[in-house]
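Below: one structure, written as structure tokens.
For reference, chains read A, B, C, D and E in written order, and residue numbers begin at 1 within each chain.
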Amino acid sequence: MDLVWIFVSASLINNFTLAYFLGLCPFFGVTGRIVTAFRLGLANIFVMLITAVATWILNTFVLPYAPYLRLISFIVVIASTVQFVEMAIKKLSPALFRALGIFLPLITTNCAILGFALFATNRGYGLIQSLVYALGAGVGLMLALVLMAGIREENELATVPRILRGAAMSFFVAGILSMAFMGFAGLFHGK
Amino acid sequence: MRSSLATAGAATFRHGVHPEELKDATAKLPVERMPFVGEYVLPLSQHTGAPAVPIVVPGQRVARGQRVATAKGFISTALHAPVTGTVAAIEPRYHPSGTRQPAIVIRTDPFSSQRIETEPPPPPDSMTADDVVRAVQDAGLVGLGGAAFPTHVKLKVPEGKRARFAILNGCECEPYLTCDHRVMVERAHDVVEGLRIIMRRVGAERGYVGVEVNKPDAIAALEAVANGDGVEVVPLKVKYPQGAEKMLIEAIFKKEVPSGKLPLDVEMVVNNVGTAAALSDLFRTGQPLIERVVTVTGTGVRRPANVLVPIGTPLRDLLEFCGGLSADTRQVILGGPMMGQAQKSLDAPIVKGTSGVLAFTEPVPLVREEACIRCGRCLEACPMILNPSRLAAMVRKEDVDGLRGLNILDCFECASCSFSCPSHIPLVQLMRVGKAIVRQAAKK
Amino acid sequence: MSDASPRLDIATAPFLHRGLDTRRLMLEVLLSLAPVVVAAAWFFGVGALLIVAASSAGAVATEWVFHRGHRGHRGLGSLADGSALLTGVLLALTLPPSVPIWMAFAGGVVGVALGKTIWGGLGQNLFNPALVGRAFLQAAFPAALTTWTAPGQGFLDVASSTVAAPFAHGAVDVTTTATPLGMAKFEGKLTALAPMLFGNTGGSLGETSALILVLCGLYLLARRAFDWRLPASTLLTVAVVAEAMHWLDPQHNPGALFMLLSGGLMFGAVFMVTDPVTTPITPRGAWIYGLGVGVLVVLIRLYGGLPEGVMYAILLMNGATPLINRVTQPRRYGG
Amino acid sequence: MADGEASSVRLVASLGVAGLLSGVILVGVYLGTLPAIERNRAEAMTSAVYRVLPGTTRIETFEVRDGEPVRYEGPEGTLPKGEAVFAGYGEDGHLVGFAIPAEGSGFMDTIKLVYGYEPTDRKIVGMEVLDSRETPGLGDKIVSDPEFHANFDALATEPRIVPVKKGKKTAPNEVDCITGATISSEAVVRILNDSTGRWRPIVDRMLASGGASK
Amino acid sequence: MSEPMEPGRFNRELRKGLWKENPIFIAALGLCPAMAVTNSLTNALVMGAATAFVLIGSSLMVSALRRAIPRQVRISIYIIIIATFVTSVDYVLAALLPTAHKQLGAFIALIVVNCIILGRQEAFASKNAPALAVADAVGMSIGFTLALSMIGAVREILGNGSLLGAKLLGAWYEPWAIMILPPGGFLTLGALLMFFAWLRERAERRPGAEDERRAA
């Protein structure tokens, strides 16, 4: 299937957060500030790319022989690969580590990452397709995070009714954003 | 509208607003001198800085022009008797700020000739720099442009700084006011003379007088006397608040005085045209600052006028001189309509910083504040390129960090934002509160 | 003192005001909508008026329920500012002519409740309430919201779907047609310019006559009701991008003029892109916002699944507005 | 919880034991449920195959290896792991046609379908959507709309299938779209065109070599 | 730690998950892996049951083994336990309820990252006896399933005019497709959260509520 469509579908049409409800924790929890949300989004893209490679390897070379290990191996391999890469970054680029490092443990096995791994393998994507899918899912997640952070920052100055403050308001905002993202439906569908 | 043709080519600053000018009633009226009245009230604090310290006691006789209070520290200045008479009391009296503050009350001697018995100081060029500064401080000179900042402070250029340009502020951008206009027309020579004194004192290469193009006669009069030698009259487009010194500098030099800095940091000094005239008076005749021109106008004034008023004249007497208030007057304002202060009592005196007295018959309209609709008009009005809408919301949430982050302290309360807001949000009032809470937080 | 001072009012400066007033602004926009409503009734019959009335009733009733306690004029609560009525009318004018009036009412309710009330009322919402209402309807009742009746049927012919009982669906028993954009997208046919200018094409109630909309826009511009940069950058972007795409592939991509005059673009540019509340507050932000709307409109129209993308483009850029405000926050004076 | 510092040997041992136990349980559950799962999967597919190839009484499964169909040798009632196509035979053993699964992008997400292909006339004789996330009320009519499905009872595939507005169908290779769901209808057509384009030559070759006939 | 169970404790642990500490409506936890499948009551119930199975099973295991598990590796071991249960439930569902399993897709597997499950192990099961741990898990599971079912029921009725797949509203009914689309999930949960916040606020304002709280 066309890579453009994989990307657009993962990032906009079937946005992980706004259409699949994945990554809601950071979406509601870490979106107080735009900069934080942006960095978290970057870290997420990064972990997804690693996950794409790791799960592709597992899926191609290991799981055909032991399909029942899928879930456990995904979790273990994603977590340990990310930890390994984290240590590598710490050595190679302390600046990058400072920007993204603190988020890595937070997201290594959150539902968005694991969901990505499961979806990518369910769809039978090859390595390149997986990587594009990871990029799309990650960019979409970052978009949702950053938009939400902006809205939250602005909303802090508003006089939101008391019973709506907190979770309820966040869900309504997510609902509106999710409606707005429906405009992307069918984008590049001919591809 | 009137000025739009004439302004083509004239310089100005960015943003700002265009209130109706409303100066026609007094723009053509020559300055009249006001006769002496029975009592004068001199608040000890009528300038920026520490209040003056009285050097007279009740019952003491004082002569017109005699120093009655002395500066306390450098950023402070002296006060002088506006009339010959007796010190009646030193007691709290109504102050234009609406509170009661200590003031020297002088009862006029009805039989005095009221001649000023002062000696002019030696020509400024023959004195040392410090002597000039001291002479100006002893004469109680403050800026007549509104803030009443002691003028001698501006004349002392600190070690390591330089003032290449001296600027006179003849914008008078507040609606209604015409006092500076009349001074420029009638005393153009003294104004330019005052500018030259400033230039020589601070070592400026060039002098400028910024005048808005709605005062063509003032521009012509100044140009007639500013015959070369480094003094230039700069016509400016009509826009409020061009008279704010940072805006004036921006208009003339296209240069921004950075946040928290003074004109001196960009090698300039700014003074009001009236201040310059007073300075030339001082060095020509020795007369300290005991009177100033005040514009009295508005729908509640029977006989609008530009009046040369002794400092300390009670408002009531000045209004009486201008034919009295019409019976249905509902509002009296000291200063211009954009930045002035409403008065609840006519007992408050004219002080050094009073440029106008406005009286209106319409009641203050009961404006209903609506929600901010984020239309951005306040942003486009604010000359300091602030975001009043967001700042106002932050003030209401007492978000000190947010306020500081958006530079609320740069606001100089020109009220352009309030003027423009279709939702009638009291933006400038909120800015004042915001500045206060940021300053308070900084103290802690 | 004997001659006591007159009773003086105390207030703080400034004592002058530019004279603009939010309430008048809203009325002004409502006023400018009058010709649009008349045109809608002219082309689509009395049904159009029923829909406008229903949607406004939904919006106003919701505002009343939630905000009647607010300070306001003569017991009207926050209804006095007129923005709820405006939301209702604008929403109605973006609906198809055969939409059931109960849906229009529901759209008004959702628009004000979800689009405004939960945010804290007038001025605090980040998404355009009318479009929140419409997006909800479109997602809830996609079929009803994509059925277009032809203009110029009898004035008194009301589609029976329009008067369907609440929560029921109704048959569309009048002639249907495709909108100019639908025809361009799904049948590759371009509509002539004249009908798009005058309004006898299929489409939402208020969007069909580009000419009337342009005149309304000019009126509002003259009254300084909105920031001109917003519609200017939107229309300019659409024109430039559409023309560029047309140049790349004249076969599939219609040119700028068609793009400007078709669909909800002109209506959106005059009445929705200009909503002060949900658009950037900074002048530079206004340019960016219009650019974003314009690009998204062309993107969705040419490459999306939907023939029209103005609503989604505006909602998406509403969502991005806080970010735009942030990055265009004025720099520090002198710094 | 165990207090204090546990030795690293103990840590590794605990993890190992946990992993081992987990592995044992999982293998047990996997083996226990595998037949049922395979059966379910095969049943879901074969029942669709019977429906898209009317008249079929027996089907044969082909595994696709490197793009070529190879007869599937796995146990009865299971499907191959990868791609598969099916040949359907009638009562008397004649070849009814092939059932071919295909997928492609729709309005919201990937649409998966299976269609029956009759190789002699090169026409489609049935189509069933296996999986889609199209909009309820519009796009999801491709799953169940009888009028839409009637298009695929005898649909010529050559030169290619052409989507037309509802009621405009005149030629045997045209498909009446669902009103209000043009995109999804067109997506189905596109998937069919892509798939028949790929399979037509393969099927022709199979028939020529007698691979599928009996 | 063979604590004698105080009377009523079991019941209390059981009941708290229903309302007072309801994982979704009060704590807003465990949303992501669950929300995507609440577009019908059936899906919600299956998801709830699957989650309950995993939660109760893991709690029992963790509580029983709580003294054998070394602190340093406890999280890894919890995850292994949870993943084992999740994989099992995934297979069992695929074998027994293939249609429902297909509907839920990868979201069954995602139960493994549902924070309620790990959270209860860390916060409760690892510190309490098996009976209490099970009570806690059962209560939480019921609370969770109840919440999912409420969302599922609202979405199915409005979005499809049916409940548990049975037509509830006649053919005349115009279904609100949005309710079974993603925005409907967000909006429904938002509305329910708001409704419960309103209930709580009202309860707090009730005369006497103040005294009760002080007494507690």
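Note that in this section a residue touches a chain if its C-beta (ideal position, glycine included) is under 8 Å from a C-beta of that chain, and two chains touch if they have at least 3 such contacts.
These figures come from a predicted structure and were not determined experimentally.
Under the contact definition stated at the top, the chains bordering both chain B and chain C are A.
Ranked by number of C-beta pairs in contact, the top chain pair is B-C. Here C is the chain whose Cα centre lies closest to the centre of all protein Cα atoms. Averaging C-alpha coordinates per chain places the centre of chain C 45 Å away from that of chain D. The mean-CA centres of chain B and chain D are about 86 angstrom from one another, to the nearest whole unit.
Chain E has its Cα centroid 34 Å from the Cα centroid of chain D. Here the CA centre of chain A is 23 Å from the CA centre of chain E. The multi-chain contact residues of chain E, meaning those touching 2 or more other chains, are 80, 83-84, 87, 91, 177-178, 181, 183-184, 187.
With touch defined as above, residues shared between interfaces to two or more other chains in chain D number as follows: 22, 26, 29-30, 107, 135, 137-138, 183.
Among all residues of chain C, those that touch two or more other chains are 114, 121, 124, 136, 139, 141-142, 305, 325. Interface note: chains touch in the pairs A-B, A-C, A-D, A-E, B-C, C-D, C-E, D-E. For chain D in complex with chain C, the residues that touch the partner chain are 107, 135, 137-138, 165, 180, 182-183.
By the touch rule above, chain D contacts chain E in their complex via residues 1-3, 6, 10-11, 14-15, 18-19, 21-22, 25-26, 29-30, 32-34, 36-37, 40-41, 44, 131, 135-138. Those residues of chain A that touch chain D in the shared complex are 1-2, 5, 9, 13-14, 64, 67-69, 72, 123, 185-186, 188-191. Residue ranges on chain C touching chain B, taken from their complex, read 1, 3, 5-18, 20-25, 71, 73, 81, 121-124, 227, 276-283, 286, 325, 329-335. Partner chain D is touched in their complex by these residues of chain C: 141-143, 146-147, 186-187, 305.
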